[in-house]
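Two complexes come next, and they have one chain in common, chain A, joined by chain B in the first and chain C in the second.
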Partner chain A sequence: MALAIEARDLRRTYRTRTGWLNPRRLELDAVRGVDLDVRRGELFGLLGPNGAGKTTTIKMLNTLLIPTSGSARVCGFDVVSQTREVRRRIGYVFGGDRGLYDRLSALDNLRYFAELYGVPAARQKRRIGELLELVGLTGRERERVEGYSRGMRQRLHIARGLLHEPEVLFLDEPSIGVDPVAARELRNTVAGLAATGTTVLLTTHYMAEAEELCDRIAVIAGGEIQALGTPDELKHHAEGRRVLEVQAFGVSDAQLARIDGLPGVREASVDVVGTAQLVTVQSDATVDVQADVLRLLDGVRLGRVTARQPTLEDAYVAIVGRSPVGAAA
Partner chain B sequence: MRLLAVGGVIAYRALFNWTTPSMFVGTLLVGPLFQLLFFAYLGRQLGVADDSFYIVGNAVLAASTACVFGGTMAVSNERRFGTLGHVLLSPRPRTLVFLGRAIPYAGNGLLIAAFSLVVGSALLGLRVPLAAVPGLAVTLAVGALSCAFFGLTLGALGLRFRDVWLVSNVSVSLLLLLTGVNVPADHLPGWMRVVGGGLPITHSAEAARRLVDGDGFGAALPSLSKEAAVGAAYAVTAALLLKVFEAESRRRASLDTL
Partner chain C sequence: MSVLRLIGRATLLHVKQLSRSQFEIATALFVPLVQATLAVYLFRAGTEPHRLLEAAVGAGMMAVWSSVLFGSGGAIQNQRWQGTLEMLMLAPRPPALLVFPITLATAVTGTYAMIATLLWGGLVYRIPLDVADPLAFAVSVPAAILGLGMFGLLLASTFVLLPNANAINNTLEYPIWLVSGMLVPITVLPGWTGPVGAVLPTTWASRAVRESVTGSGPVWPSLGVCLALSLGCLVAGALVMSYVERRARANATLALA
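For the complex of A and B:
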């Protein structure tokens, strides 16, 4: 089996020092023994909460950070000792507004990075044209990037990451802060890349995005891989559960804690959706907690109440909740 | 060569803060010209040296603002735009990527120095021998390039230290004091002369004065060679610092590359 990415017991500890007169040394194990095999041409998802170690893992794989211990190879090359070989074969795209030269046009940004990434001069013009077409920026390429929307910047990030036709593309939360229409376009672009044989390692917070795009997904929490499999396989982690969703207005933390403490309840969380809150309660499939939950929400204005089968997101919550970090939280 | 030339020019447009006409004219042309006039009139008042001393010295020094701050911006502004990580992911040699960035700043510095010399001479009535012009062009170019590599060395510190602008500000003041452009070197304490000898501008200012005095290129050559050596030393230092700090950033995660 040809592997694009292999990581063995990959670890990274950050050491910081604060204070001058009475210095205090802090150590943080951001990644604690990650093993990963990503096949060539695979679209692999790395999911996890904030601070789980996703970006640190990617930075070790793309050579920006040296692992504290363990080893990793990309396209067969060691990420510590064969950095130039690795860098020739990878592209890196991350979400957010930064990472581009605002004063330059999209065209000049791409020209400059084409030089940096060693795209031969004779091929640059055609390649840049192809990429602008691919990401839908044709016609806007001579405008300064400072006037671009976040979605346009994100598409330019992807074009930049693909300039040198990398074999492996790291996408670090590419759709963060992007509107739904732009996010869908991004997903189409990423799916198209995978179809051309590019290996993609994607980190995201959006379950729907991961479920739609990824061949396999690893859930990382507390710096360790907690579960790994296809989206369907991961859903088994929520087997034996049922999910109750209650639309509400004004649920307090104390009420949520009481719901979480009900017999049979595995997890209870609340998300803000527009002007409302969405209380999600995962419980054992054999226990019907609906009446108890509604009783505890007495006095709160309620909307729609729905019981449904677990989704990938519920499986993710279950996996992260079972991890040492999730259990401690 | 493309990386050096094309890459350098695009990076200049991307990273140099003073490319708008108003900033360029105000900060890089008018400012140094007033500084030249200030010291020339002060020199007349105090009788320390003649106009030629100040016009030539300050014209050579005029390149320093663009070169020192430009060199600093060439590295530090990568942090500002969040592009440093993408630059460091380039498989191309760092020396070419970053040293190439010094060339447009040196060109910029040469233009400013020439402007200051021409306008300063016209305003204060200095006659520069026609035969000295080619030599002066070479001297100003070497001084500007040396200064740009000095700026790049400071910029390289920006990979390790966040407040590198402080160092650039202090360095520009030191150039004013220690390079002998406004205070004759033999008026300075010995240790200051030693420090000045290791700074850019010092030797090119000396070479330029010889040329304007009509001593010929041969007389200016020793000073010009020293300036070239100082510039080369800063180029090597900048390349080494960039290499060391990049390696350290991978090991210690000391750089917020993205």
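For the complex of A and C:
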């Protein structure tokens, strides 16, 4: 039995009602047929745009949501009919600062959940001490959580998720709101857990984090897996492309649209980096679009211009851009 | 054994979490002043001072009931707002075992108001605190609280299923004070309320406590009936709770959508 997580054709439809006087039923297919096999000890990443269905998938696997159809097993136990067995073996950490007892101290929060997870009384004290040390909250553990910063709460969440030494750890954007140094420590912690045999399913919007940590990555968009493989395999999706990056100040949407329309251009986007903008243009490797792009940016103050090989992020953009949802957006 | 330990610990932490809410504490300390006053003026007419103590204890029981009704009735919704409901339900325990400590905690914090009522009664109105059977009193108050906490689980689990739980909550507070004989003796109520009162643990809890204060009857039978009925509520509450948990996982209502 080498699989920690196996999902077959998982689907989830949300039924909601809108309107008060004239209620209307809405159906939303958040996850539409996901198949996943995650090996024991593997660090598996789930990437995708907002609303892609990552959290929904995780919540079906960790028993918080019952799938509309399809099935899934975690550590060999069915997530619908054997919830207790599954819950004993998993940890769940989500990003954000909710989900803690604010008027209790970190120590009380951890004691409470240690008790809920049946950590033997004799072991609790040591285990909590180790975890406080691990997440860097030692010395602050007697303060009430309501006085904690966002990052401190996030770290407390992580400590709580590890109390019972879970075999499978679900991390849903665990690095949100965590400072860069703590984020690096978090990555080390996660890598360390995977190295000692813990299976990790991680979602993140930070490509560098995914590339550094994950053995394999699934890119999900529109509730379906669009691509799956090691980070290097995924980069092939951007193969045959080259990337041009132009630092600029004051590019308009119209200019970006015109760049996107150039022959040979596959993808054009603009990100704000500090006070500048970064225009990223992916094109076919056979076409050199640099001159055309610079011509369209005429009149805009420009900084550095670089051409480079595609990264995981470029591959991600290519995969999502190609998917039906990405293409529609 | 470990289950009892879990219930004990979890209840203590929820009592802590509840007791640190300034609003709760202010309510628990000042509402009793009003209730003690009411009790005194209602019963001043009677001449024996004992009636006053009985009324103050009855008012204290009313406070415990209010705390359970509002605290337990809204327990699941509160956890959902805090974002802790998902984390609780994720624990490898039966859902009832996760929620019962919360409802028990609401009964325990209700005693602040009971103590405050007795103190206000003693300080402001000079009600003598001479309890007829102190031992029975010392046992029946905690037992009554335990019973009401069990009743709370049934409230907590059924109220999440009701669309207008808040409205129902508000309308249940006074009738149950009355029917359970917390405010006035059951004997002065219309006959049809008898059977209603007889199946409510609140009736037997307040009866046991009153009997221990006045020495008007044997405490233990009432206490036994109270705990038996409460246990029934606990079992029913646990069944409903399991249904609620499954339904919430199907409808995606564990999280604040």
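To be clear about the criterion, the second predicted complex is superposed on the first by the 326 of 329 C-alpha atoms of A that agree within 3 Å, B and C clash if a C-alpha of one lies under 4 Å from a C-alpha of the other, contacts with A are read in each partner's own complex, and residues count from 1 in each chain.
Methods note: a residue touches a chain if its C-beta (ideal position, glycine included) is under 8 Å from a C-beta of that chain, and two chains touch if they have at least 3 such contacts.
Note that the structure is a prediction, hence the values are computed from the model and not measured.
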Chain A as common anchor, with chain B and chain C clashing or fitting: clash
Which superposed partner A:A254 touches (first chain B, second chain C, both, neither): neither
Chain B versus chain C as contact partner of A:V181, first or second or both or neither: neither
Touching partner for A:L26 - first (chain B), second (chain C), both, neither: neither
Partner chain in contact with A:A2 - chain B first, chain C second, else both or neither: neither
Touched partner set for A:E115, first chain B, second chain C, both or neither: both
Common ground on chain A, meaning residues reached by chain C in one complex and by chain B in the other: 14-15, 62-66, 84-85, 87-88, 90, 92, 96, 98-104, 108, 111-113, 115-118, 121, 160
Chain A residues within the chain C interface of the complex: 14-16, 62-66, 84-85, 87-88, 90, 92, 96, 98-104, 108, 111-113, 115-118, 121, 144, 160
In the complex, chain C residues that touch chain A: 2, 5-6, 9-10, 13, 16-17, 20-21, 82-84, 86-93, 98, 246, 249-252, 254-255, 257
Interfacial residue positions of chain B with respect to chain A in the complex: 2-3, 6-7, 10-11, 13-15, 19, 81-83, 85-92, 97, 250-253, 257-258
Interface residues, chain A side, partner chain B - complex: 14-15, 59, 62-66, 84-85, 87-88, 90, 92, 94, 96, 98-104, 108-109, 111-113, 115-118, 121, 160
